[in-house]
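Before anything else, here is the set of structures, which you'll find just below.
Two complexes follow with chain A in common, the first pairing it with chain B and the second with chain C.
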Partner chain A sequence: MKFKVKIKRYNPETEQKPHFETYEVEADPGDRVLDVLHYVKWQQDGTLTLRRSCAHGICGSDAMRINGQNALACKVLVKDVVKEGGLLTVEPLLGLPLVKDLIVDMEPFFEHYRSVMPFLVNNDALPADGRERLQSPEARDRFDKGTWCILCAACTTSCPSFWGNDQYIGPAAIVQAHRFVFDDRDQGAADRLEVLGQQFGVWRCRTAFNCTNACPREIPVTQLIGEVKQALATGKLE
Partner chain B sequence: MAAITSRFSSFVEGVLYRGREGHWAFIFHRVSGLAILLFVAIHVVDTSWVAYWPTSYEHAIGLYGSLPFLISEYFLFAAIVYHGINGLNIIIKDTFPSWWNKHLQANSFWKIIALSALCWLPAAYFVTLNIYNFHLCPALGGSCGGAEPPVPFAGLSITYLIVPVVSLILAAVLAYGGTFNQNVVAKAPRYVSVPGRNLETWSWLFMRWSGGLLLLLIWIHVLANALLTGAHHIDLAYVADRWAQPLNWGATFTILMLAVLHGLNGLRAVLGDYLHGQAANRAVAVVILIAWLVLTGLGAYAMFAGVQTA
Partner chain C sequence: MTQQHQFDALIVGAGGAGLMAALHASKAANVAVISKLYPTRSHTGTAQGGIAAALANMEEDHWEWHMFDTIKGGDYLVDQDAAEILARDAIDAVIELEHMGLPFDRTPDGRIEQRRFGGHTAEYGKRPVMRACKSADRTGHMILQTLYQNCIKQKVKFFDEFFVVDLIVTDGACQGVVAVEINTGEVHLFHAKATLLASGGFGRMFKVTSNAHSLTGDPVAAVWRRGLPLEDMEFFQFHPTGMYKLGILLSEAARGEGGVFINDKGERFMERYAPTMKDLASRDVCSRCIYLEVKEGRGIGGKDYVYIDIRPETINRYQSGPGGKTVTAEELEKKLPDIIEMMRVYQGVDPITAPVPIQPTAHYAMGGVPTDADGRALADERGTLVPGLFAAGECACVSVHGANRLGTNSLVDLVVFGRRGGRAMAEYVQTAELKPLPADPAGAVVQELERIRRQTGTEKAAKIRAELQEVMMDNVGVFRTGPMIATALAKVRELKERFGRVQIDDKGQRFNTDLLETFELGCLLDLAEATALSALNRTESRGAHSRDDFPKRDDVDWLKHTFVRYTGPASAAPTNGQTAITYKPVTITKFQPQERKY
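After this line comes the complex of A and B, so read on.
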């Protein structure tokens, strides 16, 4: 099928502001948006800059705005976003500094990620066999959904609170905190909740739900944020 | 090479972000909340005149009966029903976080819109009736029935008993809510020492508690005064009569205390989302605190002083 793709371009060496460029492309309905971008870069305009690594929805490198909504370019099929002769719009993520074309600076995002201590904290001595801290399947299941996260930033950059103020810790960091706060082997919950209870913490979530819709891993982000709010309000971790 | 950040363009592009039902619900909630706050501020100030400048009050209430104001009432009541119902949706889902799921959110948005429309229709009927009786009918030269004052809710103040009862049930559900989140099997609840409740935590809790209470109180207040009675039948004597009933006085006073704070705290949250830097946020907090003190002080003093004769 033939259609047009409109891509937001920005060259920091020659431009003050980003602009749009439109390309005529041909693709199979079953192709992914990433294939379309490859087609443009490899056949038409080699200067198009984008980030992608595994190209199979696991590494989380190619999150971008596709037709105005955050998604992974490698997980969206052409037939789901554009018709024959139609127009497909591709823009970089919103709310993070724009580096070039579709590439944004992810550092503010990872700074928030690090602030919730995304690692297991347990100061007890190792179990007698010296191997692993055992956990029941139920207890493992309690935080399972948070472990699906691939840190693509689609959720955080879809959040109105984050667009308004990038000091807001953002959905992804809260999901990561949830993953450890609700892990019964972890002992760092109080420290994480201290960070999440601050002015730019979890209370900035206005439940606009864009994060849940944007997540390519189907994580119920708003739900997990809600559970962290309840934990902060009641001190109880079920 | 320099990366660019534009807060203005992220705001504009954010509005254009193709979010779904949740994003629309969020935007409507903000817009309706700010509209209601504007009205509440005006309403508190002009009603307080019953104690300070009774003549000006009669003039102000006359404006409430004017055609432009009656027309804007359509929008005001739409904002009130939507903000109340959507707020209740937020309160319930925040209490049971597992209800924040894709299926329910898309579904409940349309149910909220439908329910809001359903609740708005009777209000629109009364507004239309007032417009007909006091503007359209006299202009057409007919004999208009609206001049006869209806009995202003005499003997019906018992309805206010519903408020404390339902509020208590709602409060119990909210207070107990945290323990309902049993979406997975857990043997024994674990406890964590949480940081002391700061301003943001209290603010979040307050918005939910006051929102639940206001939903009931304001709807009854609007129904009794704005719709069943109507601005054309409200005068100093009517206010004096209402405030002479302890239940009515108490309900109105509770609304005054909660609504102004709920609205101004909402404004603080909205501005806080877009303001950067401690100084700006602190300045906003101070201005909002002063506005709260002035508005509630003005209203509370008027309610204690009572209606003066013109």
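After this line comes the complex of A and C, so read on.
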């Protein structure tokens, strides 16, 4: 099928501000939006710049705004976002500094991620038999959803609170904190909850649900944030 | 302006092997990890099914059985001393991952849950065994996340989105690397006593592949360009279950949980080819059987694909589920959530209610930079070491995978040999001396990058890449013959010549992916040449290397590793010159080569 794709372009070496360019493209309905971007880059304009790697929704490189919605370009099919002869719009993520074309500076995002101590804290002696720590299937399930996160930033950069103030740690960092706070092997919950309870922590969340809609891994982000809020409010991890 | 950095040790690549090496090396040395992607984008994260270790949490198992399966899976080209280390260390390495926080699935008694996988057997081939430790079908994702989390905890130093374009090699010793900071386009010199390559595979030389776009083997090409050998490059694994046309991987766990291959006649054809292991025969065997079914007109609708069928009614009809037990749709959704979703998204097929079209997909390089069992790179087939150079993971060849890697053993390789390489490197830098750099070590590669930037001509990188991928897929794929490989080799050399006339569009400095993709293409061209040369030379069929014109394994003449090298002057661009092939004997300890049946 034939259609047009309108892409937000920005060359930091020659331009003061971004502009849009429109390309005529041809694609199969089952192609990915990433395939369309590659079609433009490889057939029409090699200067188009984007991040991508695995191309099947796991590495998290190619989160961007597709028709105004945050998504992975490799996980959205053409047939779901544009009709024959129609117009597809692709823009970089909002809320992070623009670097070039569809590329934003991910450093502020990873800084928030690191701030929640995203690693297991456990100072007990390891099992004397040299084997694994035991964990029940139920305890393992308790934090499962947070482990699906691929750090693509689709959630955080869809959040109005984050757009309003980029000091807010954002949904992705809270999901990562949840993953450890509710892991019964972990002992770092108090320290993490202290970070989450601060001014730019979890209370900045206004429950807009944008994050849940944006997550390409279908993590119920808003629900996990709610559970962290509850843990802070009650002082209980349930 | 060239910036310069100094470290005890460098690690190139931030996937499983690189991060594991970083965690261990940085305990005793000043280490930097240089990665062209953000670490969590690395391809380790896409590994699905599991990581093998004879924990015996589900049923009786022994590391000796795992060792045997690895050797047999590799069609006896495996170095058995290394396979013993792999199988023994796997147990402790998986436990270490759990201690780091990896969220493995659990048994009712709280231990790590395990599943069956292709080629993993009990009692030396008698029946499938549950050995793959896993976290649903996202085990690689959990390993990558857990290792990165621990790197943050341990404050490992990272240079993210730095593209390594050359090795600094003086008098046969590695003194560091040259890298481009992708965001600025600036060239950086990294000067170090030791460098460990952990850059992963290079499957992007093939048209249908499970590999990420970034898997172009750049540091491996740098090794080649420096005249150092590459080992067993003819052995490239084609995974039987790639999504039709897309090549996206559908984990072998689909068959571990009971899925079966079905041809156009509705027949479970693996029963004919592999009476004991059936659909859980090793990957090279399954890929060949799919190809043969298609060739004999039993592809679906006469086309070039067959089905993987994981519908519960199919699994239950064949009693092919784990332990012959019945399975339900709910259980499958819980055990294989990601691949079920991928089939729904990318093929519009719900695998719970319909079979899914699959074809073999280029998946894994068994060959690579030759190393000993501590990651030390070898300069020749006699075992001479390259001072200061190490390699681990897919880019290395220990060789634990021989002619065909067993499913789950890539993740084992990463953690076992990443750890050993990291430790060996930390020990090496305690006594090694940091020799001064030669004059202008970045000169040659900067010249090549500037040439690519300014070159005028009628060729486009995307077109050359597509032609390369097509010719390699068609002629150096699941089945090869001498004339087919020769065709591919001639084409690769023609493409190398045309590469010199590629004109790019982006002349800028910042985030110039047009330039870097073209540089990557040059690396693929070198590695494709090494692959085709090695394949043409080996006149037998073994593991993933199936020669229609030499259909039998030949242990008299070919029970040996290929060492292929470029013999011209050191280069920073695709090579054009003489090559040479030598051989290294296979180390055999416990298991004499036998005929391979599944």
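The criterion applied here is as follows: the second predicted complex is superposed on the first by the 238 of 238 C-alpha atoms of A that agree within 3 Å, B and C clash if a C-alpha of one lies under 4 Å from a C-alpha of the other, contacts with A are read in each partner's own complex, and residues count from 1 in each chain.
One rule holds in what follows: a residue touches a chain if its C-beta (ideal position, glycine included) is under 8 Å from a C-beta of that chain, and two chains touch if they have at least 3 such contacts.
In this text the structure is predicted, and so the values were computed from the model without any measurement.
When the two structures are aligned on the shared chain, A:1 is found in touch with neither chain B nor chain C.
Shared-chain residue A:235: touches chain B; no touch with chain C. Judged by the touch definition given at the top, the superposed model places A:99 against both chain B and chain C.
Once the two complexes are overlaid on the shared chain, A:54 sits against chain C while remaining clear of chain B.
Residue contacts after overlaying the shared chain place A:12 against chain B and chain C alike.
Applying the stated touch rule to the two superposed structures, the overlap between the chain B and chain C interfaces on chain A comprises residues 12-13, 99-100.
By the touch criterion given at the top, residues 10, 12-13, 17-18, 65, 67-69, 91, 94-100, 104-105, 138, 141-142, 158, 160-161, 163-167, 181, 184, 189-190, 193-194, 197-199, 201, 203-204, 206-210, 212-213, 220, 222-227, 229-238 of chain A touch chain B in their complex. Contact residues of chain B toward chain A in the complex are 1-5, 10-11, 13-14, 16-23, 25-26, 90, 93-95, 97-102, 105, 177-179, 181-182, 184-187, 189-195, 198-201, 203-205, 269, 272-276. Partner chain C is touched in their complex by these residues of chain A: 11-14, 30, 32, 41-43, 45-47, 49-61, 75, 77, 99-101, 103, 106, 110, 114, 117-120, 122, 126, 130-137, 139-140, 143-144, 147-148, 150-151, 180, 183, 185-186. Considering their complex, residues 37-38, 40-43, 45-46, 92, 94-95, 98-101, 103-112, 135, 138, 141-142, 145, 149-150, 152-153, 183, 212-214, 246, 248, 338, 342, 345-346, 348, 460-462, 504-506, 508-514 of chain C touch chain A.
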